[in-house]
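There's a structure below that I have some questions on.
Chain nomenclature is as follows: A, B, C and D, assigned in order of appearance, with residue numbering initiated at 1 for each chain independently.
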Amino acid sequence: MLKVGIYGASGYTGQELLRLLLRHPQTEIVALTSRRYAGVSVSDIYPVFIGLTDLAFIDASPDDVAGLADIVFLALPHGVSMKVAPVFLKAGKKVIDLSADFRLRDVAAYEQWYGRHTAPDVIKESVYGIPELYRDDIVTARLVANPGCYPTSAILPLAPLLKDGLISNKGIAVNSLSGVSGAGRSASSELSFVEVNESVKAYKVGAHQHTPEIKTTLEAIAGSSVSITFVPHLIPITRGIYSSIYAEIRNNITAEDVIRSYQKYYSSAPFVRVSESAIPEIKNVLYSNYIDIGFRLYPDNNHIIIFSVIDNLVKGAAGQAVQNMNILFDYDETEGLL
Amino acid sequence: MLKVGIYGASGYTGQELLRLLLRHPQTEIVALTSRRYAGVSVSDIYPVFIGLTDLAFIDASPDDVAGLADIVFLALPHGVSMKVAPVFLKAGKKVIDLSADFRLRDVAAYEQWYGRHTAPDVIKESVYGIPELYRDDIVTARLVANPGCYPTSAILPLAPLLKDGLISNKGIAVNSLSGVSGAGRSASSELSFVEVNESVKAYKVGAHQHTPEIKTTLEAIAGSSVSITFVPHLIPITRGIYSSIYAEIRNNITAEDVIRSYQKYYSSAPFVRVSESAIPEIKNVLYSNYIDIGFRLYPDNNHIIIFSVIDNLVKGAAGQAVQNMNILFDYDETEGLL
Amino acid sequence: MLKVGIYGASGYTGQELLRLLLRHPQTEIVALTSRRYAGVSVSDIYPVFIGLTDLAFIDASPDDVAGLADIVFLALPHGVSMKVAPVFLKAGKKVIDLSADFRLRDVAAYEQWYGRHTAPDVIKESVYGIPELYRDDIVTARLVANPGCYPTSAILPLAPLLKDGLISNKGIAVNSLSGVSGAGRSASSELSFVEVNESVKAYKVGAHQHTPEIKTTLEAIAGSSVSITFVPHLIPITRGIYSSIYAEIRNNITAEDVIRSYQKYYSSAPFVRVSESAIPEIKNVLYSNYIDIGFRLYPDNNHIIIFSVIDNLVKGAAGQAVQNMNILFDYDETEGLL
Amino acid sequence: MLKVGIYGASGYTGQELLRLLLRHPQTEIVALTSRRYAGVSVSDIYPVFIGLTDLAFIDASPDDVAGLADIVFLALPHGVSMKVAPVFLKAGKKVIDLSADFRLRDVAAYEQWYGRHTAPDVIKESVYGIPELYRDDIVTARLVANPGCYPTSAILPLAPLLKDGLISNKGIAVNSLSGVSGAGRSASSELSFVEVNESVKAYKVGAHQHTPEIKTTLEAIAGSSVSITFVPHLIPITRGIYSSIYAEIRNNITAEDVIRSYQKYYSSAPFVRVSESAIPEIKNVLYSNYIDIGFRLYPDNNHIIIFSVIDNLVKGAAGQAVQNMNILFDYDETEGLL
């Protein structure tokens, strides 16, 4: 059994990791840390786990956890992961970091959006953890930077079409709708039921920290600059991201061209479901690690619209992290995820 | 025009008062206080009011506001109202207090549930503001204690039947469901969308501070002790209270007896709608000052179930307060409320 | 008092018209037709109206209603309005049609999207009822074609910028989210709570019947062809439309240019609220006739994103219809709507 | 591998059975019938299953399915199950019926609530499928009558206390709140999002067909008559039942007495979670086969309130059916359900 630690396990992402890892046939959870809930059993805080686990949260140093686990998931805020990841790497442990700390290659870009980076040397160790695009790098990685939820929903549908030159690298608009769990588990009157229910709002327009992650990843894939306008919206659902992506098509492409491009890159990807006809719906991916992709061509307007849906806590966070773990340890990629 | 002040105007109750008073043909709002938002225009905080009012919040002492207004609504937390109400009364102003501070006659009972009372002498000045039951007292009152939302939903349907002896005063169970706005506007992870959505929970079981308000009011009406088990539940809606009330019937009463009792007390009450056949639904009273009442007899079990619905922010708070103001100043009881 | 009829009054739009007209100080409702509910009082079907009106639905011919009313609102499905509107016009009555039957100038376009038009001659009588753009024509109109909900949310924010040449007429994308009441009151498993809740789906992509209404109206305003990609999505809220509109900017325009353009056209429009800073939220317009507009420039991408929100049943249907009635009969434009 | 058929597989219960059985390690699904969708693959109708199964719906006679399967789940409307169940029994197959057809021992009672029973002789073959109460009978049963969702939520918390005489058998009130999936997958305007959202209503008050199932089961357990007032309410959530049960206590019982009674009957029941302190919340049991039970004593009123929560589609239907299958075939009771 693989010994697994979750460092910072009390938020929504930590909970979801726990849910997935408890039913994973190859893993044993050896440490769940939480400063706030140290000494309290998980099921006291989250009664959903009563009967499923007797684990308690511990307050343990990275060194302590490194002594227990073969692999550690960091479910920490950005700025904190960068402090503990080096400890685990030094101890020869694998790390999957669910924060943003190691996603951007460019320290300056990171610092512009997130604040000072205190472990810039570690960034180059990291592999960006979208398995469908970087599987070979992940196999041998020591540190996986697990992608953001919005970037997962935008990069997977765009990457093939940009790489194959089917769409323009200019003027792409990503209109994303997110459930409220994407904002994390915090006491905020803005996220209260009364404020969110029966409403919609765009937020951090032009200023969401996932923007450079989407842009630089796609630029690396396209091999050229990519201009993206990304607009997240908060909608009254608990889980799920719906991205509607507008792009200009090239060379009078057809639906067959689009399908062929997706097949080229994703035909063996177990969690990517592309449809020629159906338009994705969030309910089809809830609690699953799938990303569903659909699209429509508007040849008159020279436009394509691509739709993607994921569960932000699964394919957008904990599920993709487990998928990365499966690859790191040579389990079946879908182990524990179907 | 009646000069009106709202003291503590930044919460959900304050907002709702503002919404109602802005369209009331007889009132002019002369002061809206908020320490937190002092100097900021209301529509900057609540864009719903853009174009409807140019008012700004002010930070003003009770004395200042007493100098401006003929009547003051106190939309303050309990424990705070008792400090400012005496100032307005001394200045000869009418006061409608939406907190719990003057609802209980018995200081000891108040202190058991809420904490120390610093103005016990003022309590006897106050009139409990359910117009359908205490209209005559309200007409001449200087201080109206506006009822709690749950008590309004429980007392109005029970009072006639208890008074007329149609139901037993023992073993009454009040099962209430409330929308989340009833908990006020505060930053709490318990009230976050993710925690509340797609769930239900009973809370403060046996310990909700509205229990003595319901019990003592009904005892005064029934002229005997009344045993009530009151259980509030939080459900994922923004507004509304649904109370399902179980009681033992007396003397093989019929549906006609029940209807007759309601007619006796409420035939001229413009906001009480009783149906012999329809079961109330929350959507029928949203944004209105109505209370809808329905019922079913279970003669085999010797039970009656009475259902009531209100909008917790209107008939359960701000609307009832405006109704009380209309009575105090001899306007039509429905002015500004239809 | 103006005598008003509502022809086809049993759906959500008919209900909303009734709600608004009951509190309009200048109108008296003289006929409410519904074949299905003929003879039944409105409050039996919609208990929300108990105490507010004693009206009953009637099954009356257009001729009968023409004999009673000065103005008739048609809240009928498309294809039906075209059959009854001519009767009212012939009788010299004013008509505000809330269906799509008289919105498109071009019969062929109508027939492509909706089916056969049996009153093509009447189309040229009609005036497209967005008061902020066609006020002068509405003043003297006999037949007002009340706009669709999505078109209202797209045309009002785009018209000034297109007219003033601030944005390109090519490559505009309108990403709209709608509450479920926009789909009308029908028994459909697709609109059931279980199917809609906790999900999102784009629908009728590239095939929504509002597409030509948006496009041809904007082309008339811009004086040139306009290419629009319009994608509606269904989200789990009851009311409201959120449109996020992506367009290419021209000539390095600034936020001041955009504001100036909106002021030029809407400075005296009582229901258009434009903000330089705030991003619109649906909750700010619910149950109101306002449209809130906000925007952000992305100069690096040469993009502007414009956001608009309306209540689909008010500014998107019944409220705008009442606004048109106010203009037709020279009442204050906001009468009954604030 | 156990060969399993689902007869009538296209509704919410059928879907949920499919979801659970696809991940059950001991079962192979050999037939999924649906007249409406015959020949269509499951994942075309329910895209959630894309990648998880290639099964298609078939239109097959009971005889055909009996030739393929060792056990058949009947997810049919009441009145239909009684027609097909005898065919499977005759063929020597095990049957788990999720309709009401074989739940009531008394044919007359069945016919009073549901209509004519055409297979009364088969009723006595059936065992009522609450494993926590009837495990020994289920082991050897040929036909399991899988309980209704409301009865499961009411019987499990009440049975121990009635059997041990801790509460009175008179005057019990069961106030239940249900998510909308409990009403099945049908096109009904009453179940549309707009009608259900932001509202609550009690329905079938005194007339819900689950009433005799609750009453007669509890009477058999208590060994005496039991008077129950059961009131179901529809609330705007997709899944889950919340039952708040009011009963009169006997002999000044304490919380310890209550806990001891639950432990006596459920200490080895893997899906019953009883808490002395926590009040149940629906979110803790969603998508799981657990029933969570909590309670509070009100000694002053001589009342106990017991709370229970289940997922109506799992413990209230498909999950309990799989649990029964596990018992019938001597698998671990929790197989496929954790």
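FYI, contacts are C-beta pairs under 8 Å (C-beta built on N, C-alpha and C of every residue); 3 or more make two chains touch, one makes a residue touch a chain.
Given the structure is predicted, the values throughout are model-derived calculations rather than measurements.
**Q** Where the centre means the average of the CA atoms, what chain is farthest from chain B?
**A** The chain lying farthest from chain B is A.
**Q** Looking only at C-beta pairs that count as contacts, which pair of chains has more of them, A-B or A-C?
**A** Contact tally favours A-C.
**Q** Centroid from C-alpha atoms only, then distance chain A to chain B, rounded to Å. What do you get?
**A** Going by mean C-alpha positions, chain A sits 46 Å from chain B.
**Q** Give, as an integer number of Å, the spacing between the C-alpha centres of chain D and chain A.
**A** 37
**Q** So, what's the distance in Å between the C-alpha centres of chain C and chain A?
**A** 39
**Q** Could you list the positions in chain C whose residues touch two or more of the other chains?
**A** 198, 236-238, 281, 283
**Q** Please classify the inter-chain touch graph. Allowed labels: line, ring, star, complete, other.
**A** Basically all the chains touch each other, so complete.
**Q** Can you name the residues of chain D that touch chain B in the complex?
**A** Within the complex, chain D contacts chain B at residues 171, 173, 175, 177, 195, 198-203, 205-206, 227-229, 231, 233, 235-240, 242, 244, 246, 248, 279-283, 286, 296, 298, 300-303, 305, 307, 309.
**Q** What does chain D use to touch chain A in their complex?
**A** Interface residues on the chain D side: 23, 47-48, 50-52, 198, 270, 273, 275, 278, 281, 283-285, 287-288, 290, 292, 338.
**Q** Which of the residues in chain C end up touching chain D in this complex?
**A** So the residues of chain C in touch with chain D come to 12, 180-181, 185-189, 191-194, 196-198, 236-238.
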